[in-house]
Amino acid sequence: MSKIVTLGEIMLRLSTPLHKRFIQSEQFNATYAGAEANVAVSLANYGYDAYFVSKVPNNLIGKSAINQLRQYGVNTDYVSNGGDRLGVYYLETGASMRPSKVIYDRAHSSFSKATIDDFDFDEIFKDCTWFHFSGITPALSDSVAKLTERALQKAKAMDITVSVDLNYRKALWTREKAQKTMIPLMQYVDVCIGNEEDIKDVLGYTPKDTDITQAKIDIDGYKDVFKTICEAFDFRYVVSTLRESYSASDNGWRALLYDGESFYTSKKYDIRIVDRVGGGDSFTAGLIHGLLTKDTQDALEFAVAASALKHTIHGDFNLVSEEEVNALVNGDASGRVKR
Amino acid sequence: MSKIVTLGEIMLRLSTPLHKRFIQSEQFNATYAGAEANVAVSLANYGYDAYFVSKVPNNLIGKSAINQLRQYGVNTDYVSNGGDRLGVYYLETGASMRPSKVIYDRAHSSFSKATIDDFDFDEIFKDCTWFHFSGITPALSDSVAKLTERALQKAKAMDITVSVDLNYRKALWTREKAQKTMIPLMQYVDVCIGNEEDIKDVLGYTPKDTDITQAKIDIDGYKDVFKTICEAFDFRYVVSTLRESYSASDNGWRALLYDGESFYTSKKYDIRIVDRVGGGDSFTAGLIHGLLTKDTQDALEFAVAASALKHTIHGDFNLVSEEEVNALVNGDASGRVKR
Amino acid sequence: MSKIVTLGEIMLRLSTPLHKRFIQSEQFNATYAGAEANVAVSLANYGYDAYFVSKVPNNLIGKSAINQLRQYGVNTDYVSNGGDRLGVYYLETGASMRPSKVIYDRAHSSFSKATIDDFDFDEIFKDCTWFHFSGITPALSDSVAKLTERALQKAKAMDITVSVDLNYRKALWTREKAQKTMIPLMQYVDVCIGNEEDIKDVLGYTPKDTDITQAKIDIDGYKDVFKTICEAFDFRYVVSTLRESYSASDNGWRALLYDGESFYTSKKYDIRIVDRVGGGDSFTAGLIHGLLTKDTQDALEFAVAASALKHTIHGDFNLVSEEEVNALVNGDASGRVKR
Amino acid sequence: MSKIVTLGEIMLRLSTPLHKRFIQSEQFNATYAGAEANVAVSLANYGYDAYFVSKVPNNLIGKSAINQLRQYGVNTDYVSNGGDRLGVYYLETGASMRPSKVIYDRAHSSFSKATIDDFDFDEIFKDCTWFHFSGITPALSDSVAKLTERALQKAKAMDITVSVDLNYRKALWTREKAQKTMIPLMQYVDVCIGNEEDIKDVLGYTPKDTDITQAKIDIDGYKDVFKTICEAFDFRYVVSTLRESYSASDNGWRALLYDGESFYTSKKYDIRIVDRVGGGDSFTAGLIHGLLTKDTQDALEFAVAASALKHTIHGDFNLVSEEEVNALVNGDASGRVKR
Amino acid sequence: MSKIVTLGEIMLRLSTPLHKRFIQSEQFNATYAGAEANVAVSLANYGYDAYFVSKVPNNLIGKSAINQLRQYGVNTDYVSNGGDRLGVYYLETGASMRPSKVIYDRAHSSFSKATIDDFDFDEIFKDCTWFHFSGITPALSDSVAKLTERALQKAKAMDITVSVDLNYRKALWTREKAQKTMIPLMQYVDVCIGNEEDIKDVLGYTPKDTDITQAKIDIDGYKDVFKTICEAFDFRYVVSTLRESYSASDNGWRALLYDGESFYTSKKYDIRIVDRVGGGDSFTAGLIHGLLTKDTQDALEFAVAASALKHTIHGDFNLVSEEEVNALVNGDASGRVKR
Amino acid sequence: MSKIVTLGEIMLRLSTPLHKRFIQSEQFNATYAGAEANVAVSLANYGYDAYFVSKVPNNLIGKSAINQLRQYGVNTDYVSNGGDRLGVYYLETGASMRPSKVIYDRAHSSFSKATIDDFDFDEIFKDCTWFHFSGITPALSDSVAKLTERALQKAKAMDITVSVDLNYRKALWTREKAQKTMIPLMQYVDVCIGNEEDIKDVLGYTPKDTDITQAKIDIDGYKDVFKTICEAFDFRYVVSTLRESYSASDNGWRALLYDGESFYTSKKYDIRIVDRVGGGDSFTAGLIHGLLTKDTQDALEFAVAASALKHTIHGDFNLVSEEEVNALVNGDASGRVKR
C-alpha cells in the first residue's frame, strides 16, 4: 500500500502498573511512544508502508525503541543514530476523580539535537503520499523546528498531503513561541487537527468559552473558530476530537470536521477507559486512513471508532486492525466474545 | 451429598493478563477449563460429589488439568489417560466496546479421540442422580458423539436426570451436522438449557428475531420457541439466560424458565465484568443445584445469582459458595466489605 | 508544622492481586495498615509532624511496618519493640456484587499486649496539638484499653484536642463490652466520628432505621442521633461519612457534620472504586487538617474530597497531597491528564 | 496402593520472591507447608493413598491449605475444621553466604488447640500401613502432645509401622520439655530420623562434636550415637541426612542409615539450591517408600536422590515422580533436556 | 549485508517462570522459537539481511510469531499465511540435577501442512548467499520433506551455500524414516552440523561410544566419524558442539570442526546456565557468520563464544551483538560491569 | 549514635528483571541509588544518624527517591528541592561470561546544577563526626566540584574525619580533568579508598600492571602504590577492595589496607552474585563503621564481610544489620537456615 511518513520524537514511556501512584511503585512498565510514532503504528496496522523518521541514541535503549516499532510493522530505515539520550516520560494512571499524571524528562534528547543533516528528505519522501507531524516536533528545539520546516517545504514541493496535530505542550514552549513558530508552517498544511485549547495556544484563535474541566462541550463555539482558521490558513480540513471528561475512568468521545463547506459530526462513544494516552494520535491515524479511502462522514466515523478502541488498550499504540474498527463503525459495540 | 456426573473436554486456557491484546502479551495466565468441567467445579463448591469424566494426555499438562480439578474438590477418578494432546484455548479479555477474543486450538485432543472403551459407564453412573453434558461434547468427533449417546442411554436406563446445555460452537461443526447429531439425543434429556441462537442452530427452531448484538431482548419471542421445543422434545424444563451486552465491561443478566406450564423470570443484575467466560456454565450448575433442592422460582434465582457472581471472578470456574450465592439472592448486592 | 499523635495497632495487610479470590491466589501483596497509622500517613502528607505510637515485634516483619511508615514521612520514634507477633489481616478485593472480604488474624499481637510502661506520654505529647485514636484500640485488650485511658487523661491535662473514630469491630468485642469501655472515654473527646452503626454499637444510641445494605441513607435519622449524642457527651463536633454502597465497584460518598448548632452536608461523589479499605481513616485525617486550618464547611469538603480520592489508591494509605485534594474540592473531577 | 497417615500442622508459607529480603519485599508468594504435610505430598506423588490429619480454621485460608493438598493428591478427609487461625511462617531465601531466614508466627493455631476429640483414630488408621509424625507435632502444645501419644498407642495396637522425624524446633520448646515429652513416645517408633542436633536436643544423646556451621561432617561421631540410641529405644532403623552447608547456594547432601547391624551410606550429591526448605521431609517420604518397596541400600539411595531433587523445586513440597527419582538414582544427573 | 535464508517451523514457546515445575505454574512466559528462526535472529543481529521462510496460521498467535521476528530484525516477507494452528512447545526449566523438560504439541501445525505451492523459491533465493535448514524441517511431514528437497535443489542450482543442523527429534520420526529422508538430501549440503547422536540417528554412522549422560566426551571417537561422513557425503565442513552436561545448571561447552583436512578445536567455556534451549542454533548462526568472514579457527571460536553467551539469555533467541561475541572471543570472560 | 554526612547524587535505577537483556525487557524494577546514598543507607542500618545531602527535582520522582531513603532510616532533612530532573541509570544484570551493562542518563540532573547556595554546611556539619564523598560528586559539574571543595573546607575546619572513594567514571570526565580537580581535594582527606584503576585515573599513580579483566590480582603492585600515595597525600588510611572477576556470576572478594605503617589483608570470600552494583559503597560504609568502633584488622574484616553480603542482595543498598555482618565475620558462611 501507499507510503506515509511521520516525523517526531519517540520516548521511553515508564508507566506504573495499573493505578499505582509514582511514590508506591517499585516497577515501571516500559513501552516506547511519541505522537508521530503512535500514528505510524496505527497506519502500519491498516496496511500502509508507514515510516517513522527520528533520531535515537546509539545505545540499547534507543535500539529497543526501534525494535518496538519494527515489531508492529513500522519502517525505521530513516531513523538516525546518535546524540545523548532517549527522552523519558513517566505516566501514573488515574482512576475515577484522580487524574492521570505525566512527568516529562525529554530535554536534551537525541532528536531534539537533530539537524537537517541527519536526514535526506529526497530519499525519505520518495513515493510518499502523506506526511504527518505534530506541534510537539517543532517545539523540541530551534534546530528541530528548522528541520520540520525543511521537511514541509520538501513535502509541498513533492505534492504530498500534509497533516498536523497542533498538540500544544506547555512544558515545551510558551504560547508566544509556539505561535511564532507554528503559524508560518501552516501554509504547508492540508489537514489541521486540534482541539479548542490547541487552536488557541498554537494559532491564537479562541473558541467561545468551553470549560474543559467540565464534561460539557459547546459545539457552536467550535464551529466559529473552525471556519475562521480554515479560511485564514486555507486548510482542506479542520478536525477535532471532542472529549467529555466525566472522570479519569469514563469519557465521552466523538469528533467534529469542517471541510470548508459543511460540518460533520460523528457518533458519540461512552468509553470505560483502560489507557487514554495516545487517543488523539489514534484518531489522527484513523482520519488519514479515512480521508485516503472513504467519503468524509465515513472517514470521521472510522477515526472516532478507531480512537475509541485505543482507550481500551494498554500503551500509546493503537493495536487494532481495520477490520476491528469497521466492526465498531458498523454498530457492534456489544463487546460479545468473538470465538 | 449426592453424586453428579459431567462428561466433556477440559482444555488449557491461556489468557492474556487483564485487557492485554494477544500481540502485546509476553505472558499467559494458565488455567484449565471446559464447559462440563466448569459445571463440575461449581457443583463441588455446593457440596456435591461431583465427577468430571474425560480423557487427557499422559503428560504433565494433562496432569495439571486433573490437579486443578482436584484442588477445587472435583472427583477425577474416571478421567482416562492417553492420546496426544490437551486442547488449548487462547483468551484475550476485552474492555468497553472492544470484545474479548477466543482462539481455539482444540482439534486432535485426547478427548476428541476417546472411544466407548475408555469408560465404564456402569461404574461411572453407580449411585449417580444427575448427568450433565453440553452440545460441545458430541461436536468434538463422531467417536465422542457415539460415546455421548452411549452415556445417555445408560443414564436413562439407570433413571438419572439428564441436562444439556446446547452450546453451539460454529468452529466445531455446521448447523446441519449439529442438528443431525443432537436432535436424536434430545429424547434422553430432561432439562434443556440454551439461548436463542443455540436453539436455532442446534435444534432448528427460530425465536422471533432478536438482534443479539444489541442490548435488547425480546422475551415474547423466547416464550414461543420455548413452548414449541418443550412439547416437541418432551423436556421437563427449558431454560435460558438472557444476556444484555451493553459492552465488554457491562452486561445485564437474568434468565427465563419454562416448565411446560408456566414461565418464570428471574431478577435482573447489572454486572461490572471481571471475566465473563464460564458464565453460562455457572448458571447451569446453579440451576442443577436449585432444581434438586428448591422450588422452581428459587432455583432460577439461585442460578442467576450464582452466575452473576461468576462474572466477577477470574477464570472459567465459579469459585463461590452456596452461602455467598444465597446472600446475593437475599438481596445484598451492596458489595460492602465482609469483615 | 504542628505535631499530631495517633495511637493504635499496625498490621501486615495481605491482599490478593486485583479481584482474585483467596482460594485462587498464589501471591499476596504485602502492605502495612491500621486505622490510626492510616490517619498518621495522611497527616504527614499534609505536612504535619505526624507520630504513630504503637508496639511491634522485634523482628523483620515489625521492622518492615516501621519502615513503610517512615517511607511516607511518619515519625516512629515512639514505637515500642517487643512482644510476639505483628497482627495480620487478609483482604480479598470484591467486584460488582461480590463483596470484599477481610479475615483478621490479629489476636496476640505485640500491641494488644502493650502496657502503660511501654510509653512515656509526657514525652510523647510534648508540643502536641491533636491526639487521635479509634475504637479499635481499646478493643484490642484490657491492657490496651487502660493504656488508652491513660493517654486520654494525659492529653486532656495537656490541653490537646482529641478525636475518636468509633469504628466498632464485632470480631474484637461485644457491644456490651464496647459500650462499657468506650462510654467512659467519651469525656476526653472533642471530635467524635462514627457512622450510624458505630454510634449504635459503641455508644448505644440508635438512629432511625437505615438499611445499610441498601444504597439509600436517611439523613434525618442521622440528625436526631447526632444532636442527642452531641449533648450527651458534650462533643465539639459529631461527624459521619455517608456511604451509599451501590456495589463493590461503585459507591456514593459524602459526609455530615454537626457542631452543636448547625448541620453541614458535603458535596457527594460517585466513585469508581480501586481500593476502599482505609476510606474512613482518610476522611478522619482530612477532617483533622480541615478543622485545624479551615472553616467548618470547607473542613468537611476537604475531608470528603480527600477520602473520595483514597478510594482510587491501592493500599490503606491515602497517598495524596493537600494540593491534589484542593484541586478536587475546587471542582476538577474531570480526571483529565495532568502533564 | 497402601494407605499412609501423617499427623501434624500445616501453615501458610509466605516467602519473598527469589532472594529478596523481608524489608524490601512488597509481595509474598503464598504456599502451604508443614513437615508432615510435606511428607504426605511426596507419598501421594509416589502413588500412595496418603492422608494428612490436622485441624485448620473454618475460613478461606484454612480452605486454601486443604485445597493445595488436594491438588497434589493428598486425602484430607480427616482434617478437622475449627479454631482461630492457620499458623504462618515467613521465609526469606538466602544466597551465597547470606542464610535463609524463617520467622514463625504459629502460636495459637487451630491445630495447636486440637484435642483427642477432634479425631477418630479407629477410622483414621483403618487399613493403614504406616504412620509418620515429627517432633514438631507434640511440641505445639500439651494438648497436641497428648493427641500424638493417643495416635501412637492406637497405631501400635493396630500394628502399623511408625516413623518419626525428631526435628527439634527451639522456638517451640526447651530441650528439657522436648526430652520429657518425646522420650516416652519413642517406644512406639520403628524408624527414627534425626540429625546430630536433633538427637542431642530431643533424645539427649550427643555425637562426637561436629561443628555444623562448617562444611565438614564427622561420620564416626554419628555412628556411635546411632548405635547407642538404636539399642536404647529398640528402633528398627536410625537414619540421618548429612548436609554439608558450603553456602546458602550450594550444599553437599547424602545420608547414613543404621539397621541395628550395619551402616549404610548413600551416594553424595552436590546441589545448586533453588529452595532447600522441606528437604528433610522429602527425604523422609523417600525413605518410607524405599523401606516399603526396596532393600535397605536402595531405599536410602532413593531417599537421598528424592530429597536432592527437592532442593531444586520452589516450595516445601517435593513435586517429583518416582520415575524422576529413579532416573537420578540410576546415575543421570546430567540435567540434559528431556524432550 | 548479504542475504541469508532459513526454512523451518516457528512455535509458541510456553515456559514456566524460572525453575517452576509444570504442575505448579499458573503462568507461562510466551516467546516464539524454532531452530531455523533462532538462527535467523542471530544472523539479523550480526547485520545480515536474514529471512525466515515458514507458514503460520492466519490468526493473532501466528501474527505474534511474525511480530517477534520483526522486532529482532528478521525479514518475514516470505512467511505464508494459512492452515490451522501454530505449534506449541512447553518448557520447564531444570536446575542442578533436575533436567529441563520439553513437551511438544506441534502436530498438525500450519507449516507441517505447507506445500511447494506456498513458496516461490526463485523469488526467495534471489541474491541469496546462504541457505540453512535443520533436520526438524523434513521431519514435520512428507509434504514438508518434499518442500525441503525442492528448496535444496533450487539453492544448489543458484549456487547458494547450504548448511544443515541434523537435529534428530525422536518425537517426530523414527531413525529409519529419518535416514531414508535425510541421506538423499545430503548431496546438497556444504556444511553439516551434528553431534554424535544426530550423526548416528540421522546418517547412520556411530562414533566410538560416548555416554552422553556423563560429563565426559571422547573427541577421538568424534574424529573418526567426522572423517567418515565428510568423505561419504563430500561435505566442506563437519562441525559439532561438544556439551559436557555437569548438571542442568552448569555445562562445559566447546566445538570441533573438520574441513576435510584438519581438525579444529575451540576454547572451552564453563557456563552457568540461564536458558540453554537454542544453544545449538546460536552456534550454527555464529558458524555461518564465521565461515563467511573469518578463517576457520576464528570462525569456530566465534561460533562457540556466541553460543556460550546464548546460555545466559532467556528465550531461544541469541540476543547478542557481534561486538559482544568478539569481546568474549578476545578473552574478556570476567563479567565485569560495562559502564 | 553519632552523625555522619554524605554528599552526592541519587538516581533512579531502572534494572531489567533478573538477567533479562534491555532489548527484551517490558518492565524495569525501579529503585534509587547513588554512591554516597548507598553508603548512607548502610550507616543507618548500623545505627548511625546518617544524613544524605543532595538536590532532587520537585516532582514525584524526586519525592520517591527521598521516600526510599527515609524508608531505610536515612535523614533527608538537608536534601534540597529544585532543578529539572533526577538522573537515571539503566542496569542489565549479566550472568556467567555475559557482563552486566550500565547505561547512564544522568546529565542535566538537579544535583549537577546545585550550587553552594543550596546548602548550609554550618548547619549540616553540626555535631557531625564523619564526612564521606566519592569522586563521582565533583565529576558531575564544575559547580558541584566547587560545592564539594566548600564542604571539605568546612569539614576540615570543624575537625570532621573525611573519607573519599575515588570512583573514577570515564563517562563523566577525562583523566586530566579528574586529576586536576581531585588532587587538590586530597589535602582534606583522611581515608582514601580506591582500587588500582581509580588511583591511576584520579591520582595519576600506577600500580604494577594488573590485568583487571583477568581473575588474578598482584598484591605487591598494590603495596607500592599505596605507600606512595599515602605519603604523597598524607592519608591516614589507604584502602582498596580486591575483586577477582571469575565471571558475572562468581567473584572473589577481599581487601587491602595500609595505615602508613603496616598492610592488612582481609579474609577472602568466594561469592555467588545476586547483584554486585553497590558492592564498593557497602565496603566503604563497613569500613567507616569499622574504623569508628574496632581495631584496624577487625575494621577491614567487617567492611569485607559487609560488602560480601551486599552481593547477595537486590538493589544498590546493602540491607544488612551489624549483627548479620558480625555473624559472617565470626565464620558462619554456611548459609544454614536461621529459624
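Going in written order, the chains are labelled A, B, C, D, E and F, and every chain counts its residues from 1.
The rule is short, and it goes like this: a residue touches a chain if its C-beta (ideal position, glycine included) is under 8 Å from a C-beta of that chain, and two chains touch if they have at least 3 such contacts.
A quick note: this is a predicted structure, and the numbers were derived from the prediction, not measured.
> Listed by label, which chains are in contact with chain B and with chain C?
The shared contacts of chain B and chain C, listed by label, come to A, D.
> Examine where the copies chain E and chain F touch and state whether the two sides share over half of their residue numbers (same) or under half (different).
Different, since most residue numbers here occur in only one copy.
> Using the average of all C-alpha atoms in each chain as its centre, how far is it in Å between chain B and chain D?
Chain centroid spacing, chain B to chain D, equals 42 Å.
> Averaged over CA atoms, how far is the centre of chain A from the centre of chain D? Could you give it in whole Å?
62
> In chain C, which residues are in touch with two or more of the other chains?
Within chain C, residues 18, 21, 23, 26, 67, 72, 101 contact more than one other chain.
> Answer with line, ring, star, complete or other to describe the graph linking chains that touch.
Drawn as a graph, the chains match no named shape, so other.
> Which chain pairs here would you call touching?
Listed by label, chains in contact pair as A-B, A-C, A-E, A-F, B-C, B-D, B-E, C-D, C-F, D-E, D-F, E-F.
> Hey, which residues of chain D end up touching chain B in the complex?
67-68, 70-73
> Please give the residue numbers of chain D that touch chain E in the complex, ascending.
18, 72, 269, 271-274, 308-309, 311-315, 319-320, 324, 328, 331-339
> Please give the residue numbers of chain F that touch chain E in the complex, ascending.
18-21, 23-24, 94-102, 104, 169-171, 212-215, 245-250, 276-277
> In the complex formed with chain E, which residues of chain B make contact?
14, 21-23, 25-31, 59-61, 63-64, 67, 84-86, 88, 90, 92, 101, 103, 105, 107-108
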